[in-house]
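Common to both upcoming complexes is chain A, partnered first by chain B, then by chain C.
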Partner chain A sequence: MDRKIPDIDITGWICHKCQSPLTMVQVNVTYMGASFEVELPSCAQCGLTMIPEFLAFGKMLDVEKLLEDK
Partner chain B sequence: MDKAVLLALEDRCTYEEPPACQSFCPLHVDARAIVQKILEGKPAEARKTLDRQMPLAQLAGWLCEGACRERCLRHGLDSGVNLPLLELYVIQNSKTIKPFPMPASSNKVAALGSSLGALVLASELSRKGHKVTIYLTGPQGGSLLKVLERAPETVLAETWDLIHFLGNSIETAPAQTPEFLAELLGQYRAVFIDQGDPSVSPSALGLTAEELVIDPVTSGSLRENVYLAPPSSVDRPFLAALVAGKATMGSLDRFFQGVKPNVAREKEAVFPTTLMVDISQAQPEEAIDPVNPFEPTADEIKAEANRCLKCACQACLAVCPHLRYFKGYPKKYAREMYNNIITAYGIRTSNIIITSCLECDLCKEVCPNGADVAEFVRKARKEMIDTNHMPAAAHEYALEDLLSANAPDTAFFRSAPNQEKSERVFFPGCQLVAARTETVLKAYAHLNQTLGSVGLMSSCCGAPARWSGRSGLTSQVAKTIRHLWAENGEPVFILACPSCQLFFQAELPEIKIMSLWDVLAQLPPPAPVQSLALTLHDPCAARYDQALQKNVRRLLTVFAPKFTEQKFSGRLTKCCGYGGLGAHANEPLGFAFAQDTVAGGAAPLISYCVMCRDRFSQTGAASLHLLDILFPEGDLPAVMKRAGANLTEKRDNRRLFRRLALSAFWREEEPMPTPPPHEIVIPDQLWAKMEKRRVLRSDIESVIAEAAKNGPLFFNQISGHSLANLRPRQVTFWVEYEKDPAGRFIVHDVWCHRMVAPGSPGEGAESPATLEGYARTGGRV
Partner chain C sequence: MRAELLEKTLSLCPVCLKTLPAEIWERGEDVWLHRVCPEHGPFSLVIWRGEPNFRTWKRPKEPLKVVAQTPKNLGCPFDCGLCPEHGQNPCTVLLEITQRCDLNCPICFANSGASERFTPLAELVDSLNWLRPNVGPVVLQISGGEPTLHPNLPELVAQAAKLFPAVQLNTNGLTLAQNPQLAQTLADQGLSWVFLQFDGLDDQIYQILRGRPLMKFKLAAIQACQAANLAVVLTPTVAKGVNDHQLGALVDFARARPIIRGAHIQPMTQAGRYHLNGPNFRLTIPEILRALNEQTGGLIKPEQAFPPGCEHERCSFHLRFRRLDDGSLIPRAPKADDCGCGPLGCSPKTTTIACPPEETDGNRLKAVDIIIQSWKADAAPASDLCPEPLEKAQAHPVSLDRKKPLELKIPMAKPKSLTLDDFLAQTKRETFSVTGMAFQDAYNMDLARLKGCCVHIYQAPHRLIPFCAMNLTSANGQSLYRKN
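Take a look at the complex of A and B:
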């Protein structure tokens, strides 16, 4: 997976618990024992990560399929 | 997987075999490809194909005697395609490309005589760096001079130019004596005697008749290092000369590399092809008679090329969207799937081929050799499961659905009301119960009234587990059914679903089964006769069950006498896309199957499998289930246009069926399900997305319940929407919603993924229990 996913629109979104804005942060996503570093919108304070719809059915789905075929 | 399984399937598929014109051509010219290029208006491309098999095509194209014509499948119909004419057109409309000269080797060869055999040998051998000296024994060109009278003078001249260009040389033989032959054999590594040149005299060279017997494989003789082209008196002398020159080149090339001349030459001789071709639809078409047979026009040639039947085995490809989707055929498939299975490291790129096959058996039925792809897929799936290489997502939803259908709040077994044990038990199947809840209840009431002593069992038979290759889960589900059957007096099972029937026959052979349609055909009619014109579709699971097919037709003859047959029916019926869980693994392909099958019938379709009915309905086609006309629920034209139940409704309906049946027939009142604590509004337009993503309303309810308890994860200050998620199994569901002033949760969007992100539910969690494990704990009936 590319480390940076372009054009993630996080306008207006804040972490509900911390009330902090989201920033793009390198995080580890994992599946089937493999992990990837990817830049995702996350809470600046608690690090909670948001996975937007277009990513879930775009690149993330591609990588899930790839890992399942591994 | 045992390699014998692969080889057995490969052996049965003749797709890669050449057509008869090619297998019986001494040069194995790919006539099919040449015809194709001519029809595309690309003679230069056709020339490339011709050059690959026919040496010195610019010359040989004038001389080919067309051994293929009497082998052409048109031969019995009218006359074989005139390939020599096509070859002539190709060489007249393309350029001869001079090859890049190879560095000269030290191997030198002499050729006596200068007819076609010697020229071919010189041309072919020098392309590999071995130079040939042609010794003239008479006029340069030998017997070619006379036959080429109708060809432009330049043809032979250009050939000699090419021979020179390739570094070969021409000398004049001083005399044809045994001494001269001995001198040549001392000077050159081999000598080729071109008997096609009438001026060559083998006897003068001291060769005995015994020594002139030509080895059909190597073109060698009994005299060491002497190779021969046959005399021009043989049948089709020019093809024989072409073969001799080419074969000698093959022998010498091996010899120079220290390999025996007869090694690996099995494919060079002519052979009968095993390619299966159906020409039953071919119409007679007379061969064209060109105005000038030595210069055919493009139109004449296209007309002749169009006579080619393009022999190919297309039987399975013609009927299977799966084979067309992956651009395969059984032999290719078998290799790809086998390689996929034995991949020890790396990406298993053909998983999707295996997981999305419908296992419907149609390819085997239409294959003249019975190539059984479905059986191969079944073995492949089982091995993928056993070695833990089955992609989790492929069939997961269908298996979860199985477990849900067999969960205690949905499944049940009851002997006939007021009876401890019943003679029979009606087993409608989980899909029919989900799609036709009220109708199945009516059918059960009818059975009980007319037949008496009929119990009822609602659960999934286990077919999805079997389709997906999960033997553990399959046995587990079968064991539960077997246990209930044995415990309740071993009743006869009355089955409504052809897939259930297949499952029972395979996994529960000890249970006596009857088809619902067989039973109903013998009972008093439950419904009025319908005047609708319907097209009957046989489900693929009923392909081999002639008794079932017959009983359905008996019923239809009574209740819908205007019914007609699908184009593909009975043993040759097509699958709707659900078989083998194909549509779960590959939705677009599953849809293509439904469309393909719907195209086989004009009138509204009627099937006796509700999955077929619902999948046809997804394509927009009007369709009915057989129960719809036997136990009508409202206006039939409206019913046939109605969409099938969605995934959420199906699960709800199965639970509803249990409650209604237990209440109506056994007076067992079950508590109403607890309504969700929050009112959730899902807009109509979101349902299609949910179906595609296999998201249920209960998934959304779980996420909202979690958010209502602990607050959402994210909030959008502009739209006012909240975002929450939950990972109830291997999938994380996200729900974007807002709470309106009335306290209702309005859902705006929903999506899901399988990966785990930091702070998300599922992070650090143990792997969820296997489906088999889940079945053991949650699959009790």
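Take a look at the complex of A and C:
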């Protein structure tokens, strides 16, 4: 099953804290008791994961709207 | 018992429809609307009974300046509409395409009958073309009479679907039951969901409220919609002593079937044609919420209910859930406002700062979004569409007081791990709502509520009449806006 989100370009992105380059990793996102898997840019050292703006204001917001009374 | 004055407002004399100053009094658990007509005397009616408490059921709004189509002349409700005194634009507009109906219900707010004409398609399309730029992206409800009798319904749905984000069909279901292919045709033309008159789970109820047994037609209509993957919202008209004991069973029936997206409960009003005898039929919003709690074994809790963000706070309630495949309902997270108030809206109990009135037009457009999220069906996998035979519906035990929720096995596909797109699609399919709208009549009319109305009926040429003004009928049967 394809879990890649198209249009994520991580070229040049580094973790501010660790100064390590971000790599695409499989992330299990849990939100209000429901979970799904998605590939997101993440710091190989500290594991901090970035949610790109288009995703945060797009499908992620759709998820929030469905689960909350937003 | 001590009585306390809570609010002053305006109401009407139910006999002559004269505008009267009115007062809202609390006495014990009951809240009364009281006014005195100089000609016809005093009128008092309970408008709120018990918990959730009237005082905490608040959601203040800033009245909107509407684009008026008619001038203020005699004052509300005689100048619709909309006149400059109205405080909200519509989130839903009803287009009545015929007054003809294949039922002759003892109760019918529209007083529909057998021999009415069909509005020609060209005239209806003109109406749609005027409405879209004047009311914005609202939910368009095609109504009647019985709209499925109109020979051009599919063409009209197609035109409406091009202009509006959602098209809702208000129907008694008889045509869909007898001609199941129509459901597929309407779905193909862009119909978003069916608002199905569905008052309960036995024929006795239909005999009283609709004048004939209809249960088999209701089940067949749902079957037709299911085959077309067309979402259904059950819309019971509820009268005390007639079908209020079946609210829990109705919710159980609905949540067991993924194609049914919710129940929209409408306590009965005395408007239009009204030929029911018997004890007081009236139910208030808190009574319905408590009945839902008792009859679902606590599955639906009054404290999960919200007052509306679009219309006046006392006109409706809503509960939205995720429906899981074991039948459990997970409430959507309550909204926390800036003032810290929770699911019951703003109240002195929940905040120490003043609650700001909400922004009315923003809430209206948000309401349209929420309605669509709640009620529109997304294409479901085939495995979601094979529930138990609908005939088994009546086998659900009908209980007045259930100790615990009825356990169900709901057929919904659930892969072990989900992508974001899968998750979005599944969560949309899992959305289930229990909502209710308390329409007003001449006996309980509060003009402050009427001015906040956002469900409007289109009246040619170029008028919008708030729903409860359009259907307002005096005690002797005189209508303000419908032909008598």
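Just so we're on the same page, the second predicted complex is superposed on the first by the 65 of 70 C-alpha atoms of A that agree within 3 Å, B and C clash if a C-alpha of one lies under 4 Å from a C-alpha of the other, contacts with A are read in each partner's own complex, and residues count from 1 in each chain.
Just so it is clear, contacts are C-beta pairs under 8 Å (C-beta built on N, C-alpha and C of every residue); 3 or more make two chains touch, one makes a residue touch a chain.
Here the structure is a predicted model, which is why all the values come from computation and not from measurement.
Looking at the shared chain after the overlay, A:17 reaches chain B, while chain C stays out of its contact range. Judged by the touch definition given at the top, the superposed model places A:37 against chain C, while chain B stays out of reach. In the superposition on chain A, contact of A:49 is made with chain B only, not with chain C.
Number of chain A residues touched is higher for B, counting chain B against chain C. In the superposition on chain A, contact is made by A:66 with both chain B and chain C. In the superposition on chain A, chain A positions 29, 32, 63, 65-66, 68-70 are in contact with chain B in one complex as well as with chain C in the other.
Taken together, the chain B residues at the contact with chain A in this complex read 346-349, 351, 391-394, 693, 711-719, 722-723, 732, 734, 749, 751-760, 763.
Within the complex, the chain A residues that touch chain C are 1-3, 5, 29, 32-38, 59, 62-63, 65-70. Every residue of chain C that touches chain A in the complex is listed here, in rising order: 306, 320, 322, 330, 332-335, 369-370, 373, 417-424, 427-428, 431.
Across the interface of their complex, chain B is touched by residues 11-17, 22, 27-32, 40, 42-43, 46-51, 53, 56-57, 60-61, 63-66, 68-70 of chain A.
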